[in-house]
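Below: one structure in structure tokens.
A, B, C, D and E label the chains in the order they appear, each numbered from 1.
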Amino acid sequence: MPLLEIEGLVVHYGKAIALEGVTLTVEPGELVGVLGPNGAGKTTLLKAVSRVVPASGRLSFKNRDLGPMPAHKVVGEGICHCPEGRRLFPELTVLKNLMLGAYLRDDKDGIAADLERVYGLFPVLRERRTQQASTLSGGEQQMVAIGRALMGRPSLLLLDEPSVGIAHRLKNEIFRAIRDIRDSGTAILLVEQDARSAMAVADRIYVLEHGRVTHEGTPASLADDDSIRQAYLGV
Amino acid sequence: MPKISKIDLAAASIVFAVLAAIPLFGVTTYTIGVLTVCVCFAIWAASWDFMSGLTGRENFGHSLFIGIGGYTAGFLNVEFGFDPWWSLPAAALTAGVSAILIGFPTLRLRGPYFALAMLSASTVMQYLVIIFSQVTGGQDGLNGIFPILDSQRDYYWLTLFFLLVTLMVLKALALSPWGTILRAIRGDEATCQAAGINVTFYKIAALVISAVFAGLGGALYAHYQLQVGPDLFAVILSINIIIMVYVGGMGSIYGAVGGALLLNILTESLRAFSEYRLWIYTLLLMLILFFLPNGLIAPAWTRIRDRLARPREKKRQAIA
Amino acid sequence: MKRRTILGAGLAAALLAGAAPSAFAQADKPILIGVNTALQLQVGRDAVNAVKMAIDEINEKGGVLGRKLEMVTADEGEAATEGPKVGIAAVNKLTGDNKVDVLIGGYDSGVTLAELPHISRAKTIFLGIGSASPAIQAKVKENYDQYKYIFRVNPINSAKQAQGLLDFISGKLAGELGYKKISIIGENAKWVQDMVPMLKKGAIDAGLEVPMAEFFDPQTADFSPIFSKVKENGSQYLLVILSHAASDVFVKQWYDAKVPVPIGGIDVKSQDANFFERVGGKSISEVTTNFVLRAPLTPKTVPWWDKFVKLYGTPPVYTASGAYDAVYIYKEAVERAKTTKTDDVIKALEKTDYVGVRGRVVFDELHEVKDGPGYVNELFVQWQEGGKRVVVWPKELAAGNKMINPPWLQ
Amino acid sequence: MSLLEVDNVSKRFGGLAALKNVSFTVEAGEITGILGPNGAGKTTLFNLLSGFLPADTGRIAFDGQSIRGLKPHRIVNRGLARTFQLTRPFFGMTVVENVIVGCLAPRVRDVHVSTERRAREILDQVGLGHAADALVDVLPYGDLRRLEIARALATRPKLLLLDEPFAGLGTSEIEPLATLIRRLHDEEGLTILIIEHKLREFMQLVSRVIAMDFGEIIMTGTPAETVRHPRVIEAYIGKAEADVAAA
Amino acid sequence: MIEILVYGAVISAIYAMLAVGFTLIFGVARILNLAHGAFYALGAYTVYALTANLHVPLLVAAAIAVVGVGLFGVAVERVLVRPLRRSQLAVLMITLSVGLMVEQVLLLTFGSEARNVPSMVEGAYEILGADISAQRLLALAASIVILAGLWLFMQHTRLGSAILAISQDAEAARYMGIPSDRIYSIVMGISAGIAAAAGVLVAPFQTVIPSMGLLPLVKAFSIVIVGGLGSIPGSILGALLLGYTETLIAFEVSIEWSQIVSVAAVLLTLVLRPAGLLGKRAAF
């Protein structure tokens, strides 16, 4: 039974069409990559899943309908969203940013354990924990953002463009961490523009173009395909 | 481009005819006085709506222009003994000039910042008027302004005439390319610039036009009250005007007039409740604000007009 | 059709009524007294109550010229927020719609001044009971024909109050107490702004040093800078003039900071009988001018005071005595004129010589209530232990009463 | 003389260099495309050209005259118009009124010609004639993009800057709009500078591509050259790091 | 000089209490709350009614007032503001009318005369040569305690972090599962409670009349504009600035001119630096 099932998802921003009927699934513990050019609707897809933007179509998670839930309930269900552009709380410390990820949780021990887990994934955050988030480098901020989402102990992590604007060295570290998170059993829906990095870590890939899924398959099956090149450069 | 429809014109004519005819039916000077005040507020509300309703910049200091207009009339009349007729053009002029001066620094601001800047400007003026009492009469204001016309009834007609002029000018401007541009500024300033429109110029000009009529209204009011006081600069006056426009329905200009007439008459008719007067007024206001967020007069008229127009449409369709 | 007939009949009746001799038509109609005042404020409510009290008394004794008296009220609104607009509409309503025979009222000088041209246009007598600006009665001199309708029963105008104040400064402060240095402060109201320079000059002429003469905004919430400055400049007395400002803030802050300078002057709120109680006794030793208090100023004073308290549960504020007297003054004038015709009543009013609850009321040529010994007096009253009010000036009325200092200066 | 000359233009936002020494020219009659990933500085460049942002350094000349530092409306009145990436119509107004605003620019305002008639002609031209009297609030998104172009055309530009004209459009709406743009170029001789991400249509539209990344121009060339350029591919598809790929 | 220092501190502390709540609800929920002054007035009147009429001990009355007005604030947010929140002007108007309503109700219930709230502490102290009443010192101390308490609450509780989070990035807060509507109500309650506390503390040495809320509203508004809308440190800085400027002018020039300072400061700030001293953005 898939963890997340999306069927015929349609999203409008006012009059602009962002998604024109997207269907995809994520199995438990799976890392699914969504690729596509700018404006293809990747970010919208994630926002629709976390109920931050209204959408029509079927959205079910662990066999429960997400449709009628407000955004904060979805988090409680176990979907945590690490948004595009990181969206840290700039004037709060790293530790507070992380702890806000666990806002809905009451299990002190569990939270402490998850904090250790995040520090384990990104050791630099332990050193930076009392620093204001806005003083961190882009890569470190991305780590906080991922860590913050993990603090909600998700069974599905939504990751939006974790590699944008980050130095290559840190990018590697982040992708390594993403793989570790998957390996520890958390399913991930990863949206990326950096196709090669995403394909290197994902179990399955969807290619989104103009709000529609145009291709899907394993990275291996898509790697030789011209379709990726098609989607990106139109040639 | 929206045109003024025949139904609108007919309704406006009827309303003005009724307003003009009221004094002929043996009403007392009290009623005429109340109506005169109503008409002054209507001029202020319409001029507020022209600038703020069209460009979307809520001016919380409209009383600045009213006060300047009123005091111009007061000074010319009481201090320098000018013929009261001079008050009207002079008040319009000083208010317009003051709009240019205050408009440049404040119109860059948006939303509540513009509102507050104007509010502060009017309050500063109010304090100054009180402090420099030797010149301005302080808290008591300037008393002994001459009436422009001896008969209260004639004076009421005069103010009504100026309301008509105000409305015709403002409505004509609102329906002209000017209005189109002002409404476009409300929509999006950047797009306006991208369409080659000098946004700063139009904003200042709108404020000046708004101020000219507010100042004129201030002078008319001064010559009705036969007195001006620092309360003409008060924030509460600006807020009352905004409430009137809000109740009337923003951006339509005639709605503002309707709101001004309605609320002024309401205030007066609540006299029967003596000390509960303001309490009831506030309660009614809260109900309107809460349940009719688009206002009362303009939306109601739109609905009535549609209903009136519908049979004719049907007929036309039938003929076709 | 039917409606037109009724209308026609009504019109005819109205014409007939208008054409009939007025005395005949009015014979059994009540005489209407319009009260224009700020109904939400204590000054307004007490004025209304006092008028009602007087009317009831007169009607019980058969009315005036066989006609009953009746009261109509109209709210002047809150001057601070609504300006004179509501006040003007109020007098227009009373004169235009209710066609009252006389207006009694007024509280805020600004509003009253604004109402004057409208009152005079309506040719209705106005007996002022609350506003103190001399500019009001000055109109009578400026243009008698236009403003002859305007009389002031109460209070004594502020210029005359200033004279009294000067007398207090030179006689009591400089004379009896031998002070050398006083400070003067007043709120930003026109009449105070006119008065303070005059007081300063008068005090200096009386040989006093005046290191400070300042104004403050009626909304001032913190007087500590003033107290501090007064203490620093070594003043021995702080003269204060306020009517719309927060008197309670003033005395509370003075008392709490134990300012080593006694205070006194014109403090309109402090004229209220329950002021001492309202501020928790912190007005102790404050001196303020007053025109009436529960003391045998005239034989009528104490009974009137007690009856008012019995009827309405609160001691009357300063407008009440004026309003009560005004009704009787009007009644007497009508009786002397034997008509309610405005011009005749004005003639009669000008000859008024009536002993009211505050003293003997006589109008001068400005239609201003005469003050001084034998007339209505400006009393300097001090709050003493237990909220007792003691007259400390003028000398002849103080009857040897001692002026006390605040507890921390004793 | 080129219609547009951009010479050594730079722009910083705080510590971030959004544009670094950008130089290029646009010849009259061209359709030039600007390509680059998010954050490459394309829209910033448009904002500098149209006067919505001041340039820090460099020279921007249009029609031989410097336009750097001019207010946006003055630039429009020199004949350089733009559209916005997010459509920004004047809500609460009709479609034709939206275009009339453009017709009221001093550059084209003519007391002898009814602005309304001109506006309707332009709407016909972009295929919106049928919706002229509708409120923009009810217009479908595709039509809003056309309206955006119509409003710019109303100012009778010599050079039109199109900022992602296909953004937010459904698949079926893109082709007709591309046709419209091409027609404007062919029939009106309009010079066009275009930013777009829908590359398939983009590549067919433009005759020359300026590729940008991190605020710099990385190459200029024909569409065919562009897609083969290694730096473009790297900027767009990303460089897989050896260790990640190996895992 | 010393006096300016001491009196300025008292005034600034009270201003800060008023401004912090005002800026808080704006920073978090973008509500420009014109009923803020009404909360202040209600606090003072509640204490008056409880002590004078029902003879409740002063401290108990103070606590009831703060909590009660806080709950009233929550109710205003829930019932009146929330349905209108999409329009800034509508929110402005409805909170304004709440303010007017409260004033009218107080006027009709308690009359126009000033009411006396007894001092919590009697007497006066001499501090560095300046006489200052104990109640003022109490107000100073209490406002420091309240502001420090608010700071601790914001820094060290989960709810506090959530409030800060929403004010810094409302959308990101939604990703954390923070229920924004509930937070808005809570913040309105806190804001109203602090305003009421200011009213309670100030009532004994200032005036208690129905319209007493107007001036504090104007001051809070001015301070917040000068300090930067939505910035708590900004509002404290603004309070100090305005409090001391007013005191300085009252001492060195005339108290007559001290009232005009705040409005003039607003005008200047808006013209010269619209975002305020510590504000981040000028438009929203």
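The criterion applied here is as follows: contacts are C-beta pairs under 8 Å (C-beta built on N, C-alpha and C of every residue); 3 or more make two chains touch, one makes a residue touch a chain.
Remember, predicted model here, so these are calculated numbers, not experimental data.
The chains in contact with chain C and with chain E alike are B.
The minimal number of chain-to-chain contact steps leading from chain A to chain C is 2. Counting only chains that touch, the fewest steps needed to get from chain B to chain C is 1. Measuring from the averaged C-alpha position of chain A to that of chain D gives a distance of 32 Å. Here the spacing of chain A and chain B, counted between their Cα centres, is 54 Å. In whole angstrom, the spacing between the mean C-alpha positions of chain A and chain E is 42. Averaged C-alpha coordinates give centres for chain D and chain E that are 49 Å from one another. Counting partners per residue, chain C has 40, 80-81, 188, 215, 217 as the residues that reach two or more other chains. For chain E, residues touching at least two other chains, in rising order: 107, 256, 259. For chain B, the set of residues that touch two or more other chains comprises 127, 131, 275, 278.
In summary, the structure contains touching chain pairs A-D, A-E, B-C, B-D, B-E, C-E. Partner chain E is touched in their complex by these residues of chain A: 50, 52, 70-76, 80-83, 87-92, 96, 99-101, 103-104, 148-149, 152.
On the side of chain C, the complex with chain B involves touching residues 39-40, 45, 73-75, 79-86, 88-90, 92-93, 95-97, 109-110, 113-114, 116-118, 121-122, 133, 135, 188-191, 193, 215, 217-218. Touching chain E in their complex are the following residues of chain C: 40-42, 80-81, 188, 214-217, 219-229, 231, 246-249, 252-253, 256-259, 269, 272, 277-280. Those residues of chain E lying in contact with chain C across their complex are 3, 7, 11, 107, 111-116, 118-119, 124, 130-136, 204-209, 211, 215, 247, 250-251, 254-256, 258-259. Residue ranges on chain E touching chain B, taken from their complex, read 32, 80, 83-84, 87-90, 92-94, 96-98, 100-101, 104-105, 107-108, 218, 221-222, 225, 229, 256-257, 259-260, 263-264, 266-267, 270-271, 274, 282-284.
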